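Let me begin by presenting the structure, written as structure tokens, before commenting on it.
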Amino acid sequence: MSHRREPWYITILDRIRSSRRIKVFLLVFLPFIYLIIFFFAPFIIALMYSLGMFKQVVYEFVFQPQISLEYYYRLFQYPGVLVAIQRSFYYAILTTVGTFLLSYPVAYYLGVKLPDKYQEMVVLVLFTPFWVNFLLRIYGMRFIFHELGFLNMILTTLGIVNDPIKILGTDTAVILVMIYTYVILMILPIYGVLEKLDKELLEAAATLGASPVKTFLKVTLPLSVPGILAGSLLVFIPAVGEFVIPELVGGANTVTLGTVIYNFFLRVKGTMGWGLGSAAGLIYIGLILVLSYLYIRLVGGEIRLG
Amino acid sequence: MSYAVELENISKSFGEVQAVKNVSLKIRKNEFFSLLGPSGCGKTTTLRIIAGLEFPDTGRVMLNDEDVTDLPTHKRNIGMVFQTLALFPHMNVYDNIAFGLRMRKVPEREIRQRVKEMLEIVRMEGFEKRKINQLSGGQRQRVALARALIIKPAVLLLDEPLGALDLKIRQHMMVELKKIQKEVGTTFIYVTHDQTEAMVMSDRMAIMKDGVIQQIGSPHNVYMRPVNKFVALFIGDAINFIEGTYKDKGVLSTDLGDLKVPELSGYTGKSVILAIRPEKFFLENNIPSDIDNVIEGRVIFSIFRGSFVEYRVELDNGQEMVIFQPYLVAGQKIYEDGSRIKIGWYRDSAVILSH
Amino acid sequence: MKITDLILKIYTVFFLAVIYLPIAILIFFSFNESRSKIVFTGFTLENYYSLISNYAVWDSFYNSIWTAIVVTVVSVFLGIMISYGVTRYEFKGKNMLDILMLIPIIIPEIVEALTLLVFLIILGIRLSPYTVIIGHIAFDISFAYIVIKARMAGYDPQFEEAARTLGANEIQTFTKVTLPILMPGIVSAALIAFLQSYDDFIKTFFTRPPGFTTLPVYIWNMASRRGFALDLNALATFIVVISIVFAYVRLKVERW
Amino acid sequence: MSEADVGRRGFLKIAFAGATALAVGSALGYFAREGEVSTLRSENEALKKKVEELSSSLGVEVPTETQKNLNVYNWTWYANLALVDQWAKENNVNLVYEFFEDLDTAITTVTTGAANYDIVVISDNEAQELWNEGYLQSIDLDKIPNFEYLPEGFKGLPYDPNNEFTVVYSYGTTGLGYNSDACPEGVSKWEDVFDVDNPDSIIRRYAGKVTMMRDSSETMGAAAIYLGYDIDTTDENELKNIADLLIAQKPYLYGYVQTEDYMDELPVAARYCISHAWNGDVAGIVYASDEYEVYIEKYYETVKYVVPEEGAIAWYDNFVIPKNAKNVDVAHEFINWFLQPEVSAIHTITIKYPYPAGIKYVPKEILEDPMIFTPEELWDKLHIGRALTPEEKAIRESYWNMVMTAT
């Protein structure tokens, strides 16, 4: 056959095609440069900032070739920072455990017990609320927990309590709203695993003489571990960084790392705020990366999203 | 004579692994040619190099006397049927078959005509609108074939396309493929690890091992005259080997005594292997009078295989032989286990292989 | 066994009820006559009328939508490129890249948003809708990448080779074969990216210029002003309806 | 239109349909001078109707000149947005009006320069600091003829003697607001919210029902006054005591909340009932103010505001024009418009903060409400902040960080 005449771009493509290196560069590294510029570079800048390498002069940030650990040093002079870190982890752990305990039975029921023909509909029903803007949902929660709100109305009407209980502004409110916000991220992966679970395994266990409880403990639960781990990661990591929820439903004593960073950046009139904020942010990233690394070592690197 | 495909000293490595080593091959026009070998022997790589899906490290690829070594796949006029068939799941039968023509900007009217003809050839009329997942294995096979053939390729490459089929359908498709090849007259290059497929369909075949072509020839030639132990073992159902030292004048000295073998020059004094196909033996009463070699052995067991009886016979030196005896008439004698029998063969039925 | 099934069932229904409660309350009060979101005094559609005539809501809604569309298109496009390259080719640093691609997902948004803000300011880049989009994309690429890569893992490269043997060049192969076959994964990725961007508050809040509000920012601003307007509850109803449509479409697409 | 008609009714009752704005506003303002004031809620409706009729007969003509831009950055609930929007519409200004909720955030935003605003409303000493550090440009009073309507006491204030870079916006005090239903004994001193060691103190008995401000200078200033220090102290020992006091107080607080939060909560007093608050905000609650309507009678009588006995911070808020402003001319136009006495008066009547240029049109009830117009006799115990150097700010910042991060 003869060579067909091709437009110029095809000729260029041919040349590209013949080199794997060019292809990899174009396909992978060129787009990745975007992330380098707009995602990783900011972290470098933040790192430099936290090391005192920038100085602010009327709208300008002047680079100064020096490295100082002053911001880090100062950061740990505030005893509150450590407490805030602790509290962030405390909230995140409770949220993770809470979402797990509350959602596992649901995921189990939907994934294992529910006849297949209802699956689609129930999943639709389950996920719909989470497509509503999360701020609106949080405001909805605020109305519920308000002293004059839905929950207290029910409690006082039923005579369970005489005076409205105080929820807003407390740890309880923050944790409950966080659980509400993140529960879907826990259900998704667990449901994903349980739904794919071979039902014959359960029958097999039964024929081997395992009681339903034994079957659950020895077969179902261990097999859903990957889902639980993925869900925990998906819940835990954003939960540690949560800033909006403590801000909206928390009070004076629900300061988290996210709030601290926000305060440093925007609620501090002066010169150190950004440096401190950057330092706190980087410490934060460090913690998260270490945790993620441990997780990846543990699970083998696959993070499944639904 | 011009060839459909010529490979000249093709080599290809993937990292440490050298998949194809210095392969040269000439495939004639309108030939059904098979590349046969165990998995990992480099046959698929060779095929993909012809297709332009891989590029050789060294060597030259010629299609119809034209050097296409650096030409990308879509500019070579080849058709290919893949192991997984790779029928596009998002298109129906018609669109799958028409794909190649559309890429060539053939007018839609002509496409319709040619797809219709093609569907007739592969006997799939009326299936145009079917989705791929609504077809059976054999039907998919035909669609894949039609899709590859419709572009009138200079050569059609088939990469173990029958692998996924049931035995019955596979046997049927083998004959079908052969028929279609005769009908369209296109050069077929067929890659398989199944010697039956190669034997049934090929005009010629090449047996590969570890990236090297061991032997090229017609099925008959390869079966009857394997060049080495590997080919001998790979082709055919079974084969018997007897080791010995070649004496002059067509005599092989073995621990079963001297055996008459084909006369060859240059082998004198060398240690060689004698290879004999199981169906070449005569037993007891059936041994003709002019037979060249007769030895004795004890029947270990026999298997009735319908058209023949398979015997396992232990020779005096302890070696086990496989012997096929045609089962011609009802009531034919089957030798009992443990009975001693004579075994004879002609010297030209055996092949001498070097180590 | 029966009794545990029943308990599970009841619990699941209860769980769903709780999940719906805040939204139900938002919707309920969207019909409230008085401005109170705590005491229901009477039924009215007033809030819906005022929602319709509320220019600022629709403006921010429009901003949310168009930025989310740009973000979706770009991040899915880049996500396809990277995941395609990673699944098709072997190269040095591939595993490293795979891990780096996860980082945007695991970094807390607030840190990401503020570092980006500092970065933009230090570079002297003026905040604009594009800075918002830039920030969203940096985050969404990773989501698109993970979803599309998962889809590609189950995709047979022989489809592409088949197309090429049939005479399709690289571009034709990609547009006529690769893309259509990967489409469900791409649609999934696009929906996720769209929602991530559409629902994002923190990053938008920090990287937006004055006067540029998206829906979440508008809601935040309105709620922090006195008299949380009940048009927002009406808006919630509107969004719930849209979301159901969205969720339904997504489900349909997944079963594709 | 019959100005006399309205006049003869003999009362000032400005009801706002957002569309009326300027023309109507100035007309009504005119009659305020001679009109005697009555507060008959029932007549509100009639007047509102009248105003609507007037506005529809006037029609709103949108000038065809090219559009101008203006970015304003102001506190929430600090200007009548209906009126401001109307001004923008009539002057064909593409107005971006953004809110901030605490001064620290505002200053950070202004100083980064990432977002540029043409007008920012900012307090006395902060304005001076920004000016000293070079973030502001000077204001051209020639372009603001209405500057003359400001009473003498509001010109050339100590932080800007020549009005180089500020024009007064409003002023007031920072004290304590509370709901007397929920907290019958009320508060009257800083001691009530700071004396956490005494189990009988208000703060202990109302633990979790008290809020402080998020603003660093206000909250640290309040603590300083309670401890008897200068509100802008930079003495490390004093600052340490201030921080310790605030940290000790923190467990008994509901939280550090924003204006909008306490404005919503004080009338209901379900979550908390005592708030560190600005006078005008509390006034806004008491009158249940609304941008669209004028209320001159008190609505939530139970919400009270006190200037604590120990003294309090007083402040002047000012228009400033940041250095990176792009629409300087329009900014001047806006300031000039705002200083129009009628406009200022309408703002005062609706928002319930005092806007000095409009004093002469403000009805007696409002004018005499100590919550809105700070009475003369109080000024003795009020403190006004001074500008700090960056170094001084850094010292204070460090202690404020300690408070913010404390738990």
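We call the chains A, B, C and D, going by the order they appear; numbering starts again at 1 in every chain.
Just so it is clear, a residue touches a chain if its C-beta (ideal position, glycine included) is under 8 Å from a C-beta of that chain, and two chains touch if they have at least 3 such contacts.
This one's a predicted model, so the numbers in the text were calculated from it and none came from an experiment.
Listed here as common contacts of chain A and chain B: C. Path length between chain B and chain D in the touching-chain graph (shortest route): 2. Put simply, the chain nearest the middle, going by average C-alpha positions, is C.
Greatest centre-to-centre distance from chain A is found for B, with centres as Cα means.
Looking at C-D and A-D, the interface holding more C-beta pairs in contact is that of A-D. In terms of their C-alpha centroids, the spacing between chain A and chain D amounts to 39 Å. If you average the CA atoms of chain B and of chain C, the two centres end up 56 Å from each other. The centroid of the Cα atoms in chain A and the matching centroid in chain C are 15 Å apart. Residue numbers of chain C whose C-beta contacts span two or more other chains: 117, 121, 169, 228. Counting only residues that touch two or more partner chains, chain A has 6, 17, 146, 148, 265. Multi-chain contact residues of chain D (touching two or more other chains): 112-113. Contacts from chain C toward chain D in the complex involve residues 117, 120-121, 126-127, 209-211, 221, 224-228. Only residues 71, 73, 76-77, 96, 98-99, 101, 112-117, 258, 260-261, 263-264, 284 of chain D touch chain C when the two sit together in their complex. The residues of chain C lying in touch with chain A in their complex are 1, 4-5, 8-9, 11-12, 15-16, 18-23, 25-26, 29, 37-39, 78, 81-82, 84-86, 88-89, 91, 97-112, 114-119, 121-122, 124, 134-135, 137-139, 141-143, 146-147, 150, 169-171, 192, 195, 199, 201-202, 215-216, 219-220, 223, 228, 232, 235-236, 239-240, 243-244, 246-248, 251, 255. The part of chain C that touches chain B in the complex is made up of residues 156, 158-159, 161-169, 172-173, 176-177, 180-181, 183. By the touch criterion stated above, chain A contacts chain D in their complex at residues 56, 58-59, 74, 78-81, 83-84, 87, 146-148, 164, 166, 168-169, 250-253, 255, 260, 263-273, 276.
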